[in-house]
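Each of the two complexes below includes subunit A, the first together with subunit B, the second together with subunit C.
Up next, the complex of A and B:
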C-alpha cells in the first residue's frame, strides 16, 4: 500500500513537472510571434463564440427557451464553452483528436518516450496559453449567468460543479477516443474521424434538449452523448432535476463511457503492437 | 549464394538477442476491376507477408552492426521490434535483459532511436527547447545532461544552430540535432534507421565520424540500417544482410567481399571512341574513348581481355580494381532476386 502511494505521488509529481514543461513551451511559442499569435487567438475566440451564438440569440429574442430562463440558458452556454475550453487547454495538439495521431502513425513518437501512455496523453496536449480561446469566454459567460441567477453557491455546490465538469470532459474524450480508435484498423479512412465527433459535441452541446421525444433524448445521452456535455449537468447544477439520484447519473455514465473507450482503445493498441503503423505523416507533429 | 548464417550466441556482454523472431503482416489485395467490387467487400483476398522469418541475432556491448538488405527485406521491422514498437508473432526479442514491449517504459529510457525520415525535434521551437524537453521527459539528472550536452555540442558542432527554429534548419543540420537529442540521456543502445538518408556528402561524413567516435569512447552498441554500403563499411565492423526476412549473411566486410572475390572492374582508354567488345566482360559505361567493364577474374584472365582489346583498337591506358562494395552487394541482391528464398 505504501509502495502504491509512493508510486501515485511520484506519478503526480511527474505529471505536474510535465504540465509545467508543456505550459512553458506553449507560452514561449505564443510569445515568440505575438503579431501572428494574437490575430489567430482572436479568430479562435470568434469561432468558439459562434458555436453558442444561435442559442444565445434565441434566448435574447424570446427571453427564454422552453422552461429555461435567459440566465439559465447563459449558464448552459457558459458551461458548454468551459467544458470544451478545458478539453482544448489540456488535450490540444491532437490528443483530443487522437484519430489523427493514430492514423498518421505518430503513436511511435509517444512509445519511444519513457513514460506510461496515460501520462503522455494527460500531459502532452497541455496548452494553457494558446488553447484557451473557449475557456476564457466560457468562464466569463458562466460568471455573468451566475450573477444573474443568484445561485446559492456553497462548498457542496462547488464540489458538484467540479465533479460534473470532470465527468462532462470525460464523456467528450471517451466519445472521441472510442471513435478515434477506429484509426487503428483503418488509418487513412479514419484519420479525420475525430474532427466530426468533436464538432458534433461542440455544436450540439449548447442546446436545451427539453421537450424532445423519449427516443431522441435517450439517443442524445447514450449513442451520441451530447446531452451529457452541458445540458444535463446544467440542469443538475441549476437544481432543475428533482430525483435525489440525479447528480450521480452523469459521473456513472462518464465512468461507463470511459470504460468502453478504454476497452476499445486497448484493443486498438494490441492491434497496433501486432501490425504497427502502415503509414506515416508528420502533419501536426511537434508544433 | 552460400549464406554465413550464425545462430544467436548469448554471452554476458550480449545487449540484443533475437531468437527465432517471426513477424508476419496481412495485406488486403484489391482488384482494380469494377466487377470485383462485391468480391473485394465480401471475400477480400488477403496476402501474407512474412517480414521476418525466424531471425537469430545477437549484438554485443560496444558492437556496431550494419543491418542491410534490399527494400522489403525486414530491416525496419527489426528496428521496430528492437524499439518496442512491434511485438514478434513468434520467437523472442530481448534487449538489455528486458522485453522491449512489456518493459517499454524502463527499456526506452536506455535506448535511442532515430528514424531517418522522422524527427523528434519540436518544429516551432529552437533546437535548445527540444533538448530541454528531452531532459524533463526523460528525467535526465542535471549533471549527466550538462555533460552529454557539452559532448554533442562539441562533436556535432551545434553551437550555431542551438537557437535556430527547427523548421528553419537544413536537412543535415536537422539530422545533427536529432542525433544529439537522441544521445542526451546516454543510451546503451543506439538504433539508427537510415540516419543519413538525403544528406549531402559533408553532412554524411560528419555524422559517420560522430557515430564512430561515440562508439569508440562510450562503447555504445549501434545497429544501423542503410542502403549505402560504402557508408556502412566505414561505420561497422560487422554486417548482417537480410534477404526475404532471413539472415543471408552475417560477418565482416572482408568476408562479404570474399563471397564475390573475382569481381573486378577494368577501365580502358583507347584511341577510338567505339568500345572494343570483350567477351565475357560486361560493358558498364563508355565515354570519350574511356570504357569501363565488369568481369569475373575467376572466369576470364585479365591478359585475355587485354589481348582482345589490343586486337580491335589501340589501347592507351589500362586500370583495374576490385569492384566497390556497393557493386558486390548489388550483385548479391540480383542473385537473390533470381533465387527462391528457401535456398538462402
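Up next, the complex of A and C:
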C-alpha cells in the first residue's frame, strides 16, 4: 500500500515537472516574435469565437432560445468555450487528435521515451499559453453570464461545476480516442478521423438541444455525445434539470465512455504491437 | 481534348473519395447539423411572430438547401493540401491550368457527395417537415446563375487566401482554419444574414463572403430582391479575380518554400 502511494506521489511529481517543461516550450514558441505569435494566436481566437458566435447572435436577436434566457445561453456558450479551452490546454499537439499520431506512425516516437504511455498522453499536449485563446473568452463569458444570472454559488455548486467540467472533457476525449483508435487498423484512411469528431463536438456543442425529438436527443447524449459537452451540464448547473439523480448522469456517462474508449484503444495497441506502423517506406517517405 | 482532361481529372478525384469509406462520418456530421438547426429554428420561432423578412418555413428551406449545396457555397479546393504536402511542383508540370486543375478535382469530389448526400437529403426533406422547393420557378432559375457566380467568387477567395498564405509565409492550416471560421459567419451559410442582430446582417450582405452563400440562398428562398444580390456577386467576381491573380503571380517565387 505504501509502495503504491509512493509510486503515485512520484508519478504526480514527475507529471508536474513535465507540465512545467512543456509549458515552457509552449511559451518559447510564442516568444519567437510577433510574426509567429500574433497570427497564430489571432487565428485561434477567431476559430474559438466563431464556434459560439452563431448562437450568441441568435440570443441577441431573439432574447431567448426556447426555455433558455439570454444569460443562460451565454452561460452555455461560456461553458462550451471553457471545456474546449481546457482540452486545448492539456491535450494540444494532436493528443486530442490521436488518430493523427496513430495514423502517422508517431506512436513509435512516444514508445521510445522513458515514460509510461499514459503519462506521455497527459504531459505532451500541455499548451497553457496558446490555449488561452479559447480559455480566456470562455471564462469571461461564464463570469459575465453568472453576474447576470445572480447564481447562488456555494461550495457544493463549485464542486458540481468542477465535476461536470472534468466529465465533459472526459466525454470529448473518450469520443475522440474511441474513433481515433480506428487508425490502428486503417492508418491512412482514419488519420484525419478526429478532425470530424472534433468538428462534431466543436460545432454542435454550443447549441441548446431542447427542441430535438426524443430519438435525436437520445442519440446526441449517447451515440454522438455532443449534448454532454455543454448543453446537459449547463442545464444541471443552472438548475434546469429537476430529477435528484440528474447531476450523477454526466459523471456516470463519462466513466462509461472512458471505459469504452480505453478498451478500444488497448485493443488497437495490441494490434499495433503485431503490425507496427505501415505509413513509412524503408527510405522514410510517407505512404 | 482539353475539356476531356479536366473531366478525367474530376472522375479520378471522385474515385479518390470513394477509396476512403470514412467520408460517411462527414455525412453524419452534416445530417446532425441539419437536425440540430431545424430543431433550433422551430424552438426559436415557436409562439413568435415572424421576425423581419423570413418566416419559419423559409428559414427551414434555407437551412436544408444550404446543406444540400454546402460544398458549392463554401468552395474549398486541395490547394492547402498541396501546400502542406509540398506537391505543388507536380501541378506545374501538368499540361493544364493550375486553378482549373484544382477546380476539376473539386468538382469530382462534389459529384460523389452530391449523389450520396445532397440528393437523399432533398428527397428526405419533406420527412423532416421542410419544403425544399424554391420560392418560385424564376427564383429557381436565378438561383442556378447565382450559384455559378458564388462558386466563381469562392474560387477567387480560395486563390486569394492561398496567395496570402504564401505572401505572409504563414502555416497553411492557420490561415485555412481562420478563413473557414470567418466565412461560415459572414457568408450566411450557417445562419441567414437577415436574422443577425443590430442590422449587421445588412452590412455583411455586401461583403464578398456573402456573395458565396447568402446571395444564392436568399434568391432561392425569395428573400429580398434578386438583382442587387446578383449584381454584388458579379462585382466581387470582377474585383477579386484580378486581385487574386496578381497576388498569386507576385508571390510565385516564394512558392518554392511550399514545394512549388
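The rule is simple: the second predicted complex is superposed on the first by the 279 of 287 C-alpha atoms of A that agree within 3 Å, B and C clash if a C-alpha of one lies under 4 Å from a C-alpha of the other, contacts with A are read in each partner's own complex, and residues count from 1 in each chain.
By our rule, a residue touches a chain if its C-beta (ideal position, glycine included) is under 8 Å from a C-beta of that chain, and two chains touch if they have at least 3 such contacts.
Fair warning: this is a prediction, and the values are worked out from it, not measured in the lab.
Shared-chain residue A:29: touches subunit B; no touch with subunit C. Of the two partner chains placed by superposition, only subunit B is touched by A:18; subunit C is not. Once the two complexes are laid over each other on the shared chain, residue contacts for A:148 go to neither subunit B nor subunit C.
In the overlay built on the shared chain, the residue A:271 is in contact with neither subunit B nor subunit C. Of the two partner chains placed around the shared chain by superposition, neither subunit B nor subunit C is touched by A:222.
Judged by the touch definition given at the top, the superposed model places A:10 against neither subunit B nor subunit C. Once the two complexes are laid over each other on the shared chain, residue contacts for A:109 go to subunit B alone; subunit C is not touched. Contacts of A:193 after superposition on the shared chain: subunit C is touched, whereas subunit B is not. With both complexes superposed, C is the one of subunit B and subunit C in contact with more subunit A residues. Annotation: subunit A has no residue touching subunit B in one complex and subunit C in the other. On subunit A, the positions that touch subunit C within their shared complex are 39-40, 42-43, 46-47, 50-51, 53-54, 57-58, 60-62, 65-66, 179, 182, 186, 188-190, 193, 196-197, 199-200, 203-204, 207-213, 216, 220, 224, 226. Every residue of subunit A that touches subunit B in the complex is listed here, in rising order: 14, 17-18, 21, 25, 28-29, 32, 108-109, 111-116, 273-276, 280, 282, 285-287. Residue ranges of subunit C in contact with subunit A, taken from their complex: 19-22, 25-26, 28-29, 32-33, 35-37, 39-40, 42-44, 46, 48, 51, 168, 170-171, 174-175, 177-178, 181-182, 184-185, 190-191, 195-198.
Residue ranges on subunit B touching subunit A, taken from their complex, read 25-26, 77, 80, 83-87, 89, 101, 104-106, 108-109, 113, 115, 117-125, 129, 132-133, 136-139, 166.
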